[in-house]
Every structure is written in C-alpha cells, then in structure tokens.
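This structure is in structure tokens; I'll ask about it shortly.
Labels for the chains are A, B, C, D and E, by order of writing; each one numbers its residues from 1.
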Amino acid sequence: MSESFSSASKKVGLPPGSLVHVGRVLEPVTRITVVDYSKDHVVEHPVLSIDEVLQYKESDSVTWVIVEGLANVDVVDDVGKIFGIHSLVLEDILHTHQRPKFEEYDNHLYIVLKCVMPEGENFNVSYEQISLLVFNNFVFMFKEKTDELLYPLLKQIRSSKGRIRSKGSDYLTYAILDTIIDQGFFLIDALDEEVTSLEDDVYDNPTQDTLHRIQRLKRQLISIRRNMSPVREMLGGLLRSESELIHEHTYLYIRDVSDHSLHLLESVESYRDVLSGLLEIYISNISNKMNEVMKVLTVFASIFIPLTFLAGIYGMNFDYMPELHWKWAYPLLWVVFITITVLSLFYFKKKKWL
Amino acid sequence: MSESFSSASKKVGLPPGSLVHVGRVLEPVTRITVVDYSKDHVVEHPVLSIDEVLQYKESDSVTWVIVEGLANVDVVDDVGKIFGIHSLVLEDILHTHQRPKFEEYDNHLYIVLKCVMPEGENFNVSYEQISLLVFNNFVFMFKEKTDELLYPLLKQIRSSKGRIRSKGSDYLTYAILDTIIDQGFFLIDALDEEVTSLEDDVYDNPTQDTLHRIQRLKRQLISIRRNMSPVREMLGGLLRSESELIHEHTYLYIRDVSDHSLHLLESVESYRDVLSGLLEIYISNISNKMNEVMKVLTVFASIFIPLTFLAGIYGMNFDYMPELHWKWAYPLLWVVFITITVLSLFYFKKKKWL
Amino acid sequence: MSESFSSASKKVGLPPGSLVHVGRVLEPVTRITVVDYSKDHVVEHPVLSIDEVLQYKESDSVTWVIVEGLANVDVVDDVGKIFGIHSLVLEDILHTHQRPKFEEYDNHLYIVLKCVMPEGENFNVSYEQISLLVFNNFVFMFKEKTDELLYPLLKQIRSSKGRIRSKGSDYLTYAILDTIIDQGFFLIDALDEEVTSLEDDVYDNPTQDTLHRIQRLKRQLISIRRNMSPVREMLGGLLRSESELIHEHTYLYIRDVSDHSLHLLESVESYRDVLSGLLEIYISNISNKMNEVMKVLTVFASIFIPLTFLAGIYGMNFDYMPELHWKWAYPLLWVVFITITVLSLFYFKKKKWL
Amino acid sequence: MSESFSSASKKVGLPPGSLVHVGRVLEPVTRITVVDYSKDHVVEHPVLSIDEVLQYKESDSVTWVIVEGLANVDVVDDVGKIFGIHSLVLEDILHTHQRPKFEEYDNHLYIVLKCVMPEGENFNVSYEQISLLVFNNFVFMFKEKTDELLYPLLKQIRSSKGRIRSKGSDYLTYAILDTIIDQGFFLIDALDEEVTSLEDDVYDNPTQDTLHRIQRLKRQLISIRRNMSPVREMLGGLLRSESELIHEHTYLYIRDVSDHSLHLLESVESYRDVLSGLLEIYISNISNKMNEVMKVLTVFASIFIPLTFLAGIYGMNFDYMPELHWKWAYPLLWVVFITITVLSLFYFKKKKWL
Amino acid sequence: MSESFSSASKKVGLPPGSLVHVGRVLEPVTRITVVDYSKDHVVEHPVLSIDEVLQYKESDSVTWVIVEGLANVDVVDDVGKIFGIHSLVLEDILHTHQRPKFEEYDNHLYIVLKCVMPEGENFNVSYEQISLLVFNNFVFMFKEKTDELLYPLLKQIRSSKGRIRSKGSDYLTYAILDTIIDQGFFLIDALDEEVTSLEDDVYDNPTQDTLHRIQRLKRQLISIRRNMSPVREMLGGLLRSESELIHEHTYLYIRDVSDHSLHLLESVESYRDVLSGLLEIYISNISNKMNEVMKVLTVFASIFIPLTFLAGIYGMNFDYMPELHWKWAYPLLWVVFITITVLSLFYFKKKKWL
C-alpha cells in the first residue's frame, strides 16, 4: 500500500505541551541558519543554538531563521521560551501530521502547511511539513528536511533582485508560501505524465499491473488532495485576518498565491475525475477482449463440431449403411463439409463476429 | 491524451513581477489595434507601440486597444508603466493558465476569462485566454490569438447600429464579454452532435474506438467545465461590485450575460450526466453481445456433443455388438438423431436462447 | 438522441435588443386574446394588434392579454414600446431557451418558466416556454403554442366560481403559475408508469431495447429536472421580493405553488435514483443469465466429453486390444457410461448448477 | 413496483380552496373523538359533528380533537369555518401527499408530517399523513387511519402519569410528535432485519429474487428518506419560530424530538450506503461463480479434447499405420493418456483452478 | 452483519423523563469513583452513593465524579435531583444511542460523545457512550464500561505533572475529551493495517471471503464516520459558546482537540474512498482471471477440434476413399497435424493469448 493515511498514535496519553517529535525522522540532525537582511545589507550564517539569534531581535532588519530537521526537540523548546510561543503551537510544529492551518496570536502568526513535491521516477510524492512563526521583523521556519527548496528565494535575497529586500517579514512570508505552493506545478506535470502513460496502458496493454498502478495513483490523489485542500482555507483565513503584521499591499500577493493554490487543487480534482473514468474504461476493455476470445471459440466450435459429427456417422460399423458403398459418397461428403463451412463463415461474417 | 490539465511550471522560482510569457505561444508576433469612437466618430487603426495610444487618453471618446498575441512582453510592460497597473496583474495577463476572475483596483477593473470554442471536425475545443483592463474611457484587451472573434462587434461599432456608440467603456466591456460567452453556444451545438454520434455508436457498433471517444469526450467536458464554471463566479463578482466604472443601466446587460453563462454551464453538466450513463450502456451492451455469443456456442455444443457421442458408440469395434447387425439400426439411429435435435431446439426455443 | 440540451446559436453576434425569434417555431401564426374582468363583468375577445388593448389600460378591471405563438415579432415589439419594457426582456420572451427566472422592474414583474407536460404515448415530454409581464391591472402572457392549457382557468373566470374575479392581477398571476406547475403532476403519473414498465422489462425480458429506453428516460429526467429545478428558485425570489404589485394575502397562495413545485422536483429526483439503480439491476440480470447459459454448456460438455473419449478408445483399430473380444465388454461399457453420467449429475446437482 | 412517488393529479384544474379528498381512501368513515383534560379532570368521548366541540372552546382546559379518516370532507370544512382556518390549509389537510412542513398563522400553528411505520412481514412500510392545528387550548389532529398509534399517549393522559396533565396544548403537540417520530425506531429495527437477511442471501444464495428484493428495498429507502427528511426541517422551523403558542420550557422537549428525528434519518442514510454496496457485492459474487463454472468447463475440455484426438488417430483406417500392429501399442497409449491427464491436473492445480 | 445501525425501540411509548437504561448492558454493576484535587492536594476514593459526593460541593477544589456502568438507574436519578439536571438530559445519559452533541444549561454544560476504539484482532470496533456534566468546580462523567481508558489522565492528576492540577473543571473537561478522541488514532492505525491486508488479498488471492471482508469494513467505516462526524459539530458548538464555565485560555486547548477530530474524520473519509476503489479493483481482477481461463479453453479447443475432425474423416468406412490406400498418407497427415498446431500457436502468440 503506497499511501498511508494513518497518524502516529505514539503521543496519545501524554499531557499537552510535552514536546516530542511525532512523525518519521527525515533528518538525523537539526541545522539552523539565520538570514538577516534590509535594503542595504544581507547576512547569512549557520548558528548552533537559538540564543545566537537573539542579537537580531531588536534591529529593524528582517530576520529569517531556518530550522531544518526536527530531531532536536530543544531547538523548538528554546524558540518557545524565548519568543513566548504557546506550548500547543510548539507541539504542532513537532507533530508532523498537521492539517494545514493558520492561527493568529497576540504578537505573531502561526502557519503550517505541507510542501507536496514529485520525487524520483514512478510518480512518487514527497510530503514535507513546514511551519512558520511570523513576528514583526522575524520569521521562524521549521522544515522536516534539508533540501534545495529555498535556494531560489535565498538567491533573490542575496542578489537584491526583486522587491524582497525592501519589504518586511510579511512579504518574506508570502515569498516562502509562494515557493512552497509553486512546487505543486511540478507535481501536476508529473501527474499528467503518469496519467497519460496509464491511459495508454489501459487501451493498448491492460494487465493486472495496470490495475495496481490505477489504484496506487488513486490513493496518491486522495492523499495529495487531502494535503492541498486545506491550504485554500488557510490562505483564506490569512486574507480575512486583519492582523497588523500583514501590510495592506501584501494582501494582493497573498491573493495571488491563493489563486495558484485553487488552480492546483482544481487540476488535482480533474485528474481524479479522469482516473475514476479510467477504471471503467479498463473494465470495458477487458470485457471487449473476452468477447473477442469467446467469438473465436464459438466460431471454431460451431463450424467443426457438426462436421466432426458427420464424420463420426460414417465411421460407424453398422452392417447395413448403403452410403458407405456409393462410389461418389466420399467426394460428395467433402462437398457437404465445405458447403457447411462456407455458409457458417458467411453467417458469422454477417454477425460481425469475424 | 487529449486534454492536459497540467500547468506550466516554467516560471516557478522567479520573483513575482518578472514578466515572462507562460503558455503555448499561439501567435509569433504581437499586433495592436486601436478603436476610438463616440456617438459621432469612429477611428480604427493599427499602432506599433503603446505610446501611440496616449493621444486618446484625455479625450471623452471610448478607446478600445486590442492586443493580439502575447509573445512581445514589452507591450504588456508598457501598458503597466503608462497606466499604472500592478505587476501581479501584468503577470496574470501573460500567464495564460489563469482561472477566470474579476479584480477591482483603484481606477480600473481587471477581468480575465477563457474563450471556449469548437475547432475543426472531431469535436476539438480551443481555449483562448482574454484579459480586459477597464478604465473610465479606455478598455485594454489582451488576446492570445489573431482571429475573427470580434468582427461582428467591430462591425456594430463602425456601422453605428445598436446602442454601443452612444455608451461608455462599461457597455463595451459587456459587449466583449457577451461575444466571448456566446461562443459557448456553438460549442454546445458541436457537443450535442458528438454525443449523438457516440450514442449511435454505443448501440449499433460498440468498438474499442468508441471507448476511446467516450473517454476523450469525458476529459474535454472536465476541461470545458473547469474553464466555464468560474465565469459564473466572475460575473457574480462584477454584478455585486459597486464600482463607479459600471453604470447602473449596464448591470441589466451584465445580468443577461450571466444568464447565458449559467445556461451554458448547465448544458455542459447535462452532457456530463448523459456521457456518464453512456459508458454504463456500453458495458451493458458488450455483456449483451457476449451473452448472444455464449448462447450460440452452447446451443451448438449441447446439440452436437451428445449426437457425436452416439455416433462414436457405433464406431466401436467390439466383436459382440448386436445392434450393428440389425437391419434397421442405421435408419433408426437417424430417427434418434433427429428427435434429439428437434427436442433440444424446442427446449432452447422455450428458454428464449434462439 | 431524444433530448437535446443544445441551444440555438443562431442569434450569436447580433447586438442586444435585436428582436428575433430563437427556438423551434411551434405555431405559424400569432393569436392575441384579451380577457378583461372585474367582480361584475367579463369580456373576452380576440384582437389583431396590441393597440386594441390600450382601451383597457386606464380602467380598474384586470386585463389579461394572451399571446399564443411567437412567430410574429412585431407583437412583442409593440408591447415593448407601448408598455415600456426593456429590450433585454423582449429578447428573453422571444428566445425560447430561457432558464426559469423572475425579474423585478420599476412598474412590472417579468416571470418566465417552462410548462413541462407528458405528450402522446411513449413517455414523450413537451416543453413550452411561458413568459408573464405583470402590471398593476394588466397581465401579458406569451406562449409558444395554442393549446387547451388555460381552459379550466378561463372557465373559472367566466363562471365567476372561485375567488379569482374579485382579486387583482397578482392573484391571476398565481392562478396561471398554479395551472402551469400542476401539469407536472400528470408528468409524474406518466413517469411512474414508464418506470414501472421498464422495471418489469428489466426483470422479465431484458433486451437491448430496454437499454435504449433506460438511457432515453435518463436523458428525459435530466432535461425535466433542468427545466423544473430553477422554478423553485424563481418562486423563492417572488416570495422574497417585496414588490407592491403583490398583495400580502397572495403570498400564501404563491407559497402553496412553491410547495407543489418542491414536491414535483423531489419526485423527479426519486425517479432519477430509481432509474440509476435499474441499470445496475439490468447488468446483474444479464450476468445471471450468462451464468445460466454457461452452466448448461459446462454440464453438457463435462458429461459427454469423457464419454465420447471412451467410445473413441474402442473405435481404435489396434490389432491387440483384448477388451474388443470379451463377450460382455459392450454391455459393461454401457454400465460405465451410465454410472459416469449419474455421478456427474449428482455432482452438479450438489453444486446447484442444475 | 413497490413504491410509487407519483402524486394524484386528480385535483389539477380546480380552483384553490375546493375541498376534495386527494389520496387513497384508507378509512370509509370519519370518526371524531374529543379528549378534554386539565390537572384535575379528563373527559373523553366520541362526537358526531364539530359543533359539539364548541362547548370546550372557552374553558382553560386542554382540548384534543382527533379526527380519524378523511372521507367526510364536511368535518374539515366545519373546522375551517368555525375556527377560521385558511382554505389552503384545509386543502393541505385533505391532500395526503404533503411534504412535511410547519406554518405559522395569526392564532394557530399548522403542522403536517408522515407517520412512517413497518407493516406486516416482508418489510412493508405504511405511510400515514397526520395534520395538527395548534391553538392556545385546542389541538385538532387529522389522521388518515383508525389505529392504535395514540393508545399509549391517551393512557398517559387518563392515568395522569407523566407531566402531560399539568401542561398546555404545546406540550400535547410535543407528545404527539414524539409518538409519531418514535415509530421510526420500529422501522429501523425492521429495516436492520431485512438488510441482514438480504446480506445473507447475497453471499450464500444469490438469485434473481435477491435482485428484486434489493431494488425493492432501495425504492423503499428512497421513499422513507423522502418522507422523513423534511421532518428535520419542519422541527427546525418550529424551534426557530418565536410563537407565543409554545412556551419556553417546551422548546427543550421539541429539541429532543428533533434529535431523534436526526438519529433516524442518519440510520436510513447508513442503510442506503450499505444497500448500495450490496449490489456491487452481488455482481462480484455472480462473477465469482461464473469463474468457477468456466474453470470446470476448461479443465474438462482441456484434458479430454487432446485425448479424444489421440483416440481418433488410431481409429483411422489407413492401410499403412505401423503402430496398429505393434503388440504393446494399446497399453502404451493408455500410459500416454494417463500421463497427459496427470500432468494437466498438476498444471491446473498449480494455477489454483482446482 | 457486523454493524447494526438500529436503535432500541424499547422505550417508545414511555412518557419523557422515565429513567430507563436503553442499550446493551455492558457492565452489570455501577461503580462510582470521586477524584478531588487542587494545586495542593489529591483525594481519590470509591463511593457507594451520590450523597457522599455532596461534601465536595462547596469547596474550591475540582471534583471529578466517574460513574462506570449504567445498570443502576438510581445513581443518575440522584445526580439529577441533587444537582438539578433536566430529566431529558438524564434520559440521554441512560439512552446509549445518542448522537454526539453539546447543550448549554443555566449552571452547567452537557456533553455526550462516543469513544471509538479498536478491539481485539480482526479490526473489531468498540463504541462506548460517555456523558459529561460540567459545573463550575464539578465534572460528572458517565461511562458504559469499566476500562483503562482514563488511567493516563488519572496518573497525570496524581503525579501533578502537566498543568492540570492548577486548572479548573474546564481544563479537566478538555483533558477528558482529548483522551477520548485520541483513541481514534489507534483506530486509524488498525484501519490502515486492515485495508493494507485487504488490498493484498484483492490482488493476490481474491476469494469470496475477501468480498465479505470488504463489505464488513465498509459497514464499519459507515458506522465509525457516523459516530465521529458529529463530534466536530459538537466541539464547534463548544468553541462558539460563550459559557462562563469555560475560561478564555481553555479555548485554545479545545481548538486543538477539534483539529485532531477533523484530522481523524478526514482519515476515515480517505479510507472510505480507498475502500470504494478496492471493490472495483476486485471486480476487474476477477474479470482478468476469467479472461485467462477463457483463453486457455479457446486455445485448446481451437487447436484440437479441427485436428479431431481430420482424424474423424479418415476413420470413416467408405468403400471408395483413395487416401486410405496411399503409402505415405498417414505420415503426411501427421505433418498436416503438426503444421496446423504450429500455425495456431503462432497465431495465438501474436494475439498475446499465450
């Protein structure tokens, strides 16, 4: 079974606020990177503990703290203590089975969503939970994996191209969300390829393996939709919120991300509909093929069984069978054989069985 | 696979506001035409750059700028700079995978939708994204293709028939939307023909090709619905907006377009329902035909297999088989053969297998 | 294909307000009848042009103008000019593919709906578009056909039975809507009969023609629902409107019509559900029948094929076959034949194949 | 066809307010019973006409008038005249195809719903329309049948057990609704039994009769749902109404009935889902069985057909066939026969066809 | 039939407020335990009657009364009398077929829900109704069973770990709801295992037992969803309520439970979708297998039937059959046999039937 919808039951029974990482450990270590920038400067360096981040707290520049890997629970604990985050939020960051959502707190926002990406060859899908804590000049980002997802965004910041360097933490938040949701377009491309290839198989060479692949893709689509669908809600909440942390002009950008998210979701829905039709085509095709097989059998049997019967008759050993002694009986019988065969073939031809 | 729901992932990673044309290039060059009219005059001529349009900016006449072909990104860039359009809107104009939508800005409206038309013979569907920027006396229109879509509207303006010459840019916007949405009626006509022809095939001559066509039409309907359905929302937004750019009396006209759009969508939904039933009919029909084949086989086999057995018995070479020496044995056996055959035929007749 | 959801694309490209009749011409001529009544008098006579109606305009009596047949566009044009109707409304009256709707104007209401009736024998459905323009003391009615639909209502008015003669144009509107929607009850009766007959066929005699009828009925139900469903919305709009043209006490009557309309729609939905189950029953039944056929074949073949083999053995011409010379070989072989047959029959009996 | 969703079209064409009984006549006569009670007294007696009820009109006691059987239209007419009921309400009482609903009038409430009960053996369902007119100290109840439905409630009133004797007509209304809706629990019990029995049949002995029963039950569930579903709405309307006829503390009781109604409806929905799965199981099961039949045929045919061919060869009469004259040819051939059979059996065993 | 949606009809006809236990008796006796705690103390002891609880009524500490087993109706009756609970609430506590819901009363809240847990091996599901009465410093809990569900929570209270000891009865309520809903995660794990195992069966070894298990699981999912789905509503009601019994900071915790509940429900929905696809895969697979069987039969029959006919011809006893006397006739015939066989095999190979 390719996609499991099961949730870890590992934490059940612990008091709320007990910080434990729940989910598959995708990275053995936790790496922290700080990016601090304003219109005029960019600083980017790794740090070993959250304490080192405190120096950027008072400045007017935007500080982006990227935490990759959730194995080290202390990092999340420290962020919670130093920045005053509710223990339930810290829990959600570490529990990587969250439904995408947006929550507004006194001096910060909490955003959690899944980055859904294609992976490797046979339409595998990878899911990575990403949490954001958005303060006035600070953005904390918690990722499950160390990957190249954010390279283009970091490059933009470093090169001071685009308008990001002159904007605040709300625009950075938008840019991060945009980067994450844009991965969906790659997914849709991979999905299109997979469905096309499946469709070809269903028509040309429907085997049991085709069935496997249809069911597997179905499950993946259920899972993709389940992770993408609440993102729309989440962005809607963000758009409706009147948080002071998000400036007027940033709403337009978030609305654009929201458009993309809707577009992706509708694509996924469309492929679901196509796939659901594909299984019916598969069954129809198998029925067609069985019909063909049955026709061959029926034509063969219907022609030769009566002929064999006729031959059987003249193989009988009765003393009194006048035909056996006729001179032209044998050639005549061949005429009968051929006539029956030709008439049968005509009949089946007319029935379009041949 | 006829219809792809995939979206270009080409732009992913660029900063917002980077103007790049995303989508299939349908026209290699970009043509700009200006139509300026009032109750008393009409001017219509091609221009080479947006600067030439500026002369009409201050006048009270209505100016309609038609941009055909999106290959030349500079044209869109110029419109943005000269008329103060947000870079996200410019991006949407160039990214031809937009979901139909309506957005209200300070001094203009942004409308984007798809023109869905039948094309060529075998129920092919063409999609063209059309964007409108509606100012007080100005309407910018961006089309992907150079075609004859707007000829009837241009003729109306030139001939001063209809009320369009004495109305403002809001009425022009209505007239454009009406022209685009009316294409859907041709589509429904073509769709009706295709479904009727498919239905005939399913009953009279269900082949694997019929399956192909059903699945292909299903995908097209999914795609058509996906492009038409948000138009209703978009027009609803336009009707609810209280923009000063749209006069009171124009709302009635937009409501009329909205009625047509709803009518078209319901037609598409109806054909979806019909088509979804068609596959079930197909499968039933194949089952029926297999039943027929099996009956022929069973009737032949059930009659001749026992007869052949009987003939086989009297072909045995036992020394002591009294029947072989009876004088009337052979004719008697024929009586038995014929009796068995007749009884079987009666039995199968009664079972309605013949 | 019995029901087409296609819409005339004939008018596409004309400026709005061009009065052209769009739809099948159901009547070659246009007949106008005027019914003027109050508590104390009734006048009913045909007129040749709308001008003749003007005499009733100022009086306090209720005037009902019935226009049957839409071929003569001038009649609609005249009503528009004399009574000040918006050209889009006139267009809708002539374009007989309207979605049922209700619109409120300054001094009148516009109501359009479909009269859905059974017609002839084999569950044919006829659709007639009926438009109403409701003024303070005037009701214009536009029908596509000349039929007996309104006879009972006219009889009520003439005979001064019922309360209609002492009420205004709002009550007349109610009475007309009631008459139209009540036709649906005849339709449901005809539908019930057709579904019952189909159900019998599916169980007792499922042929390809049964399939045809199921699919045909499915399409008709889609079409019926599509024409009936918006009537509920339309009546809801009428009930929510606070038009001065409808008196307080008339709302109760309109709510009653609305109840009927809901009742009819739910009946149609129920038959849709029943019909959708019927196709599955059909397929199950065909499978059942094929099973039966296969069992007969298998039983025959499984019994006689081994026997024929045995007979074949003793038909061989080997020089050394001791059994051939035994005295009781032949009768013994018959014992073997019969034993095999009886055991096989027992076996198949136990398997419930017989 | 067990359940008809058709509505009587008998009344179509009559003016509104014409009192005619529409529906199957379930009782030939109309019986009227009066129950008048307060904390201190109970009076219960039959009356012959509504006039006899007038004596209770002014008193403070609660008066419950039970009208059983709707054949006598005059009774309804009298209630209308004496208590000032709108003619449309009187019509609804007599037209027993009402959708359950609640309507508020100046000095009374009108409630109509269906009592849905199991009846007899094979999961038959009976529907009885019950109408209530609720005044300050008066409740009129119109039932189609004379049955024992209300015996427990009458017993409560007589015995002064429960709190009913010290409460008003609103509490009586609640008690009646509770009694009616509680019948649904018996229905669900009967339904559970029927579905369980059907499920057993589908697995153990799927015949064409099973199909009949599935389709019949499906129709019944559609009909049950259609009659139960609007009750929820109706009770919701009652709860939201701020009628002075219903006291504050009675709302809690009505909410309880509403809970039960929701519970019942969800049970019906659940059985619908189960039933819809059952047909798919049926089809799968039939396919399984056909597979089994085909395997038997194929195994028999595949083994004996080659053997028979071999026997046929040595039954040929060529002059030069050396094998015929070998001494050990015949026993050797038996070895070949047995070897082929054993190998075939192994092969089919390996394929799991045996 | 594994899951019954039927409701006890045992109580039907009793006056409201009659306290009778309705449901399966899961515990023969009723055990009452009191847990009283504050920041500084914990007391936990069994009591024999509700009177013993009264001593904790006035204190500021939080008192949690756990009633396990509902057989002893008097306990519920006593709580009702002493704490002033409405008789309809007491009824709901004893009637263990409640739909999860939340009700607000003057000085307390009533919450009822189902604890849904996996039980034993073969994906059995157990349902336990749990009712809560939440007062300012008091929480009454009514459970159907005596089990270890609450052990972790009791351990937390005893050990003063977590923040529970310093919070009020609202936080205790949250902690109880959290404990109950977390059981769903175990259920989802068990469900995942069952579906995976079923999926393997469908592909590798589809038998009639697989069908049984699919249908059984389907029913369980319907039942699980029915019990889980209203919990979301219930928690929504709790969140929207502005009861003084729930402190501001507790809402965050309840929102967290609500997230979990939504997560669980979406998992169940996902498995429903997967399961619904599984039956289609099953049917496809059976069709595939039948195709394979038919191909074997057809190949065998199509090759050997013509050969047998040929052999039959030369077994005939005509006096004049020249071939019988040719010297090389017999070997030549073998060449013909082998040629036909090889050509047939090539043909079927090309058709991919082998």
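Observations, loosely collected:
Definition applied: contacts are C-beta pairs under 8 Å (C-beta built on N, C-alpha and C of every residue); 3 or more make two chains touch, one makes a residue touch a chain.
What you are looking at is a predicted structure, and each value in this text was computed from that prediction instead of being measured.
Both chain A and chain E derive from one sequence, and where they touch, under half of the residue numbers involved are common to the two copies. In this assembly, the C-alpha centroid of chain B lies 42 Å from the C-alpha centroid of chain D.
Chain C and chain D have Cα centroids separated by 26 Å. Among the residues of chain D, those in touch with two or more other chains are 283, 287, 290, 294, 297, 301, 305, 308, 312, 315-317, 321.
Taken as a graph of touching chains, this assembly forms a single closed ring in which every chain touches exactly two others. Against chain A, the residues of chain B that register as touching in their complex are 1, 4-9, 12-18, 86, 88, 91-92, 97-99, 101, 207-208, 211-212, 214-215, 218-219, 222-223, 226, 279, 282-283, 286-287, 289-290, 293-294, 296-297, 300-301, 304-305, 307-308, 311-312, 314-317, 321, 323-330, 333.
Residue ranges of chain B in contact with chain C, taken from their complex: 152, 156, 161-164, 175, 178-179, 182-183, 185-186, 188-189, 191-192, 195-196, 199, 203, 252-253, 256, 259, 262-264, 266-267, 270-271, 273-274, 277-278, 280-281, 283-285, 287-288, 290-291, 294-295, 297-298, 301-302, 305-306, 308-309, 312-313, 315-321, 353.
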